[in-house]
Amino acid sequence: MSTLVSVKNLSKVFDVSKPWLNRVIERLPKAHLTATSDVDFDVEENAVYSLVGESGSGKSTIGKMVVGLLQPTEGNVEINGVDLASETDIEIIKQSRTDIQMIFQDPYASMNPRWRVRDIILEPVVASNGDTEGLAEKLLEQVGLAAEDATKFPHEFSGGQRQRICIARALASAPKLIVCDEPTSALDVSVQAQVLNLMDDLKSELGLTYLFISHDLTVVRHISDRIGVLYLGRLVEEGTPDQLFDAPKHPYTQMLISSAPKIDGFGREVDPPQGEIPDPIDPPSGCAFHPRCPIATAKCKSERPALRELDDNRVACHLA
Amino acid sequence: MNKIIDAWHSDLAWNFRNSPVAVVSFALVFVLVLAVIFAPVIAPHDPFDPSTLNLINGFSQPMTPNTYTGDVFLLGSDDQGRDVFSTILYGMRISLFVGVFAVAFAMILGITLGLIAGYVGGWTETIIMRIADVQLTFPSILVAMLIFGIVKGVIPVEHRDQMAIWVLILAIGLGEWVQFARVVRGATLVEKNREYVQAARLIGRVRWVIMIRHILPNVLSPVLVIATISLALAIIAEATLSFLGVGAPPTQPSLGTLIRIGQGFLFSGEWWILLFPALTLLTLALSVNMLGDWLRDALNPKLR
Amino acid sequence: MTEPILSIRNLVVEIKTRHAILKAVDCVSYDIAPGEILGVVGESGAGKSMAGNAVIGLLSKPFSVADGEIWLKGRRIDNLSREKMRRLRGKEIGVVFQDPLTSLNPLIRIGDQLVETIMEHLKLSKKEAERRAISALEEVGIPAAAKRVNSYPHEFSGGMRQRVVIALALCAEPSLIIADEPTTALDVSVQAQIIALLKRLCRERGTAVMLITHDMGVVAETANRVAVMYAGRLAEIGPVRDVLTNPKHPYTDGLMGSTPAAAIGLEKLRQIPGSMPRLARLPKGCAFSPRCNRATDKCVQDPPPDLTAGEGYAACWYSLKTECTG
């Protein structure tokens, strides 16, 4: 298998300073929020790579940088060898745009409520002046809806059906990579299963590659070929689902897995994890996880661990 | 046909049918608009055609006959023997004409600037919105008078009367655009971060396509509400300017002009020359305003 | 069994729309014993929150309790006046909602909010109420509580805010807590803290808890018994271990099968076809019949028998324990 997406040293810093006048009057410095720093990973073709993390982990920021909605502050994303942020050839940009699509979290907000389903699905093709003859109907049937649904408006569908329409829109330009930003977290369990199964079918039928962004460990474990765990904008561990869930090496991964509710954990008494996620504007020194880490040492406070190879996994911990 | 049935069953239509205030104010507006459109047919005579006037009929009481033609002066006549009912019909024409065009002008200007400010952001937004803020600190009637004064000074005397109506429209429109711009900008800020806009950006759609095809249709419902309420305000503003003598010229009197003329006769006992134009203005402005209020509540999802 | 804290009998909550009267909750009955946590699960639109709101008396137009009885500690509360219900709400029933921000007044210091609630419901002096407020915050695990009473809600993180809401719900020592998706807005690690807290408080004080959630994992770890709702009706109710590992209703079974956690090692998730019907278009017989692979003519024609307040029943003509003949 060859590498489709290659993410190198990706960093994104947001300027979250107060307006200029307030800063002058209140004598505040500029404030910067580091959403993502130094993230490296590759996604193989026709595979599912998942990014998991809690709020503030920067997982959605990475997704937006991969599809080109945000410009990286540092580092780059190459998809099929093309870096959208630095590419100047318009023909190549146009071509790579059709190669990348995205599915969003909120099936109610991700479609223009005033457009008919046909126009919503075909927009990516219309934008690149492609052939739209009969395409919407074909795609609707492919995602398990009826061809007649093309003339309806989004509000006539349930959440799960809307997410199918979003998938149809993502497929319209025949992409290679689909970035899925929490595609099922707004859906009910029984509908989530339908959507996940559909995505799985489409992946094998069309040879798609997914970058799957989620906070739900069980979903990620089910769908992924490889998982990257993020904490405060940095990759702390990466490995295959089995390695990660059966033998997590980073203390944060361990904490995440043990604190997630288990469906067969009747009356389970867990030692709840300590503390909460620190403020990303003012992250802790050294390893960002050290204030919550049960095994942290003095070295963890002062020195940030690098992401290193450890039998097929990659892990960023001094003590792993 | 199906569309009409759907519209009848829509929430808005249902809400309308169940709101007596809305039905009554809509009926009033409807009747007044019809009267304006068919003014030449309804009015007993054209009050601005001197050949139909006779000074003998001056100051006729309401419901007294025209000594000349035998018609009845329904609402009396003024000093020149003009039928007050007819002057009201023709005056309302000017009032509504100015109101509708002023609001349309304000709407186009406000929506465009609001959309640009909200979507583009940065310095463009700062400049547009600061201008709006500064303008808000002046009462819009003052702004209108200022513009009116400047433009009148620029236009040569011989064109003044025929241009006066358009100057009024410009002046009132410039006084009202801020409302539209602020609301559209706010709604745009919300819509631009929604995922469907991101989806459109993702596939490389250019800015103006996103603004016009995606965002604009979704920010229009608050605009509709403001447009209705602004119409009432514009009618009042026009009447105020005309009452102050800086609005519609005496050759094309609007309701405001009629009230100004009428108040001169109030203390000599000819009350009808003032009262009936004033009542018409009140009814027109109030019913449009009530309709706007109802629309605001009906379109507000929180109050449902 | 001891006298239950809460018993709901044949509760019906109606929605009046301009087209029809719909039943958001249809003939639901259950009890919660002291110290017991009852998990109420179901997908969106199943009516699980509506039943909770009916107990608190927070239903407003177009929703109303149309039938049935709600008893709290042997006293009927569904017919109380608004004012009496308001008193009861803070004193006997504590409420924890999903979004802690909406439950706290952003302009009042959290200490003052606590003191106000305590003095409203308990006959205590201001001094004593303040002391009580601090100990309530300490109890829910807020560090430096004596200092933090002077903070405003926005100065707390999401998890800390939810702790404050729990402190607020518990400060008048209610006998029943209704927690409506209390951890849905929180991160996994914080969720674990809040759940551990709820469990501890409930055990120590013998408070009954109605835990409304869509997360089967949370229910499994927290609840003693579970009530599964579908389209406004109870599909199944029973001890959590029995219901989750050995479901009797095909819906519960499908729900468990479609959870990714239950599919470890499987290529595909087991999915239930279709989606929950809208209330306006409920099927004539069993509401689940269009999605059920075991449904027969009888299921399509007649609604299954309503559940009585007993233990371990499923509202199904052919519950998974019985032979499917029809």
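By written order: A, B and C. Residues from 1 in each chain.
Rule of thumb we're sticking to: a contact is a pair of C-beta atoms (placed from the backbone, for glycine too) under 8 Å apart; a residue touches a chain by one contact, two chains touch by 3 or more.
Note that the structure is predicted; figures quoted are calculated from it, not measured.
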{"item": "Chain-chain pair with the highest tally of contacting C-beta pairs", "value": "A-C"}
{"item": "Chain separated most widely from subunit C, comparing mean CA positions", "value": "B"}
{"item": "Geometric centre distance via CA averages, subunit C-subunit A, whole Å", "value": "32"}
{"item": "Distance from subunit B to subunit A - Cα centre to Cα centre, in angstrom", "value": "51"}
{"item": "Residues of subunit B defined as touching subunit A within the complex", "value": "194-196, 198-205, 214, 217-218"}
{"item": "Touch list for subunit C against partner subunit A, complex", "value": "43-44, 157-160, 187-193, 195-197, 199, 214-218, 220-222, 240-241, 244-245, 254-264, 268-273, 275-276"}
{"item": "Partner subunit B, residues of subunit A touching it in the complex", "value": "67-69, 93-94, 97-98, 100-102, 104-106, 109-114, 123-124, 127-128, 169, 173"}
{"item": "Complex interface listing, subunit A residues touching subunit C", "value": "54-55, 158-161, 188-194, 196-197, 200, 215-219, 221-223, 255-256, 259-270, 272-273, 276-277"}
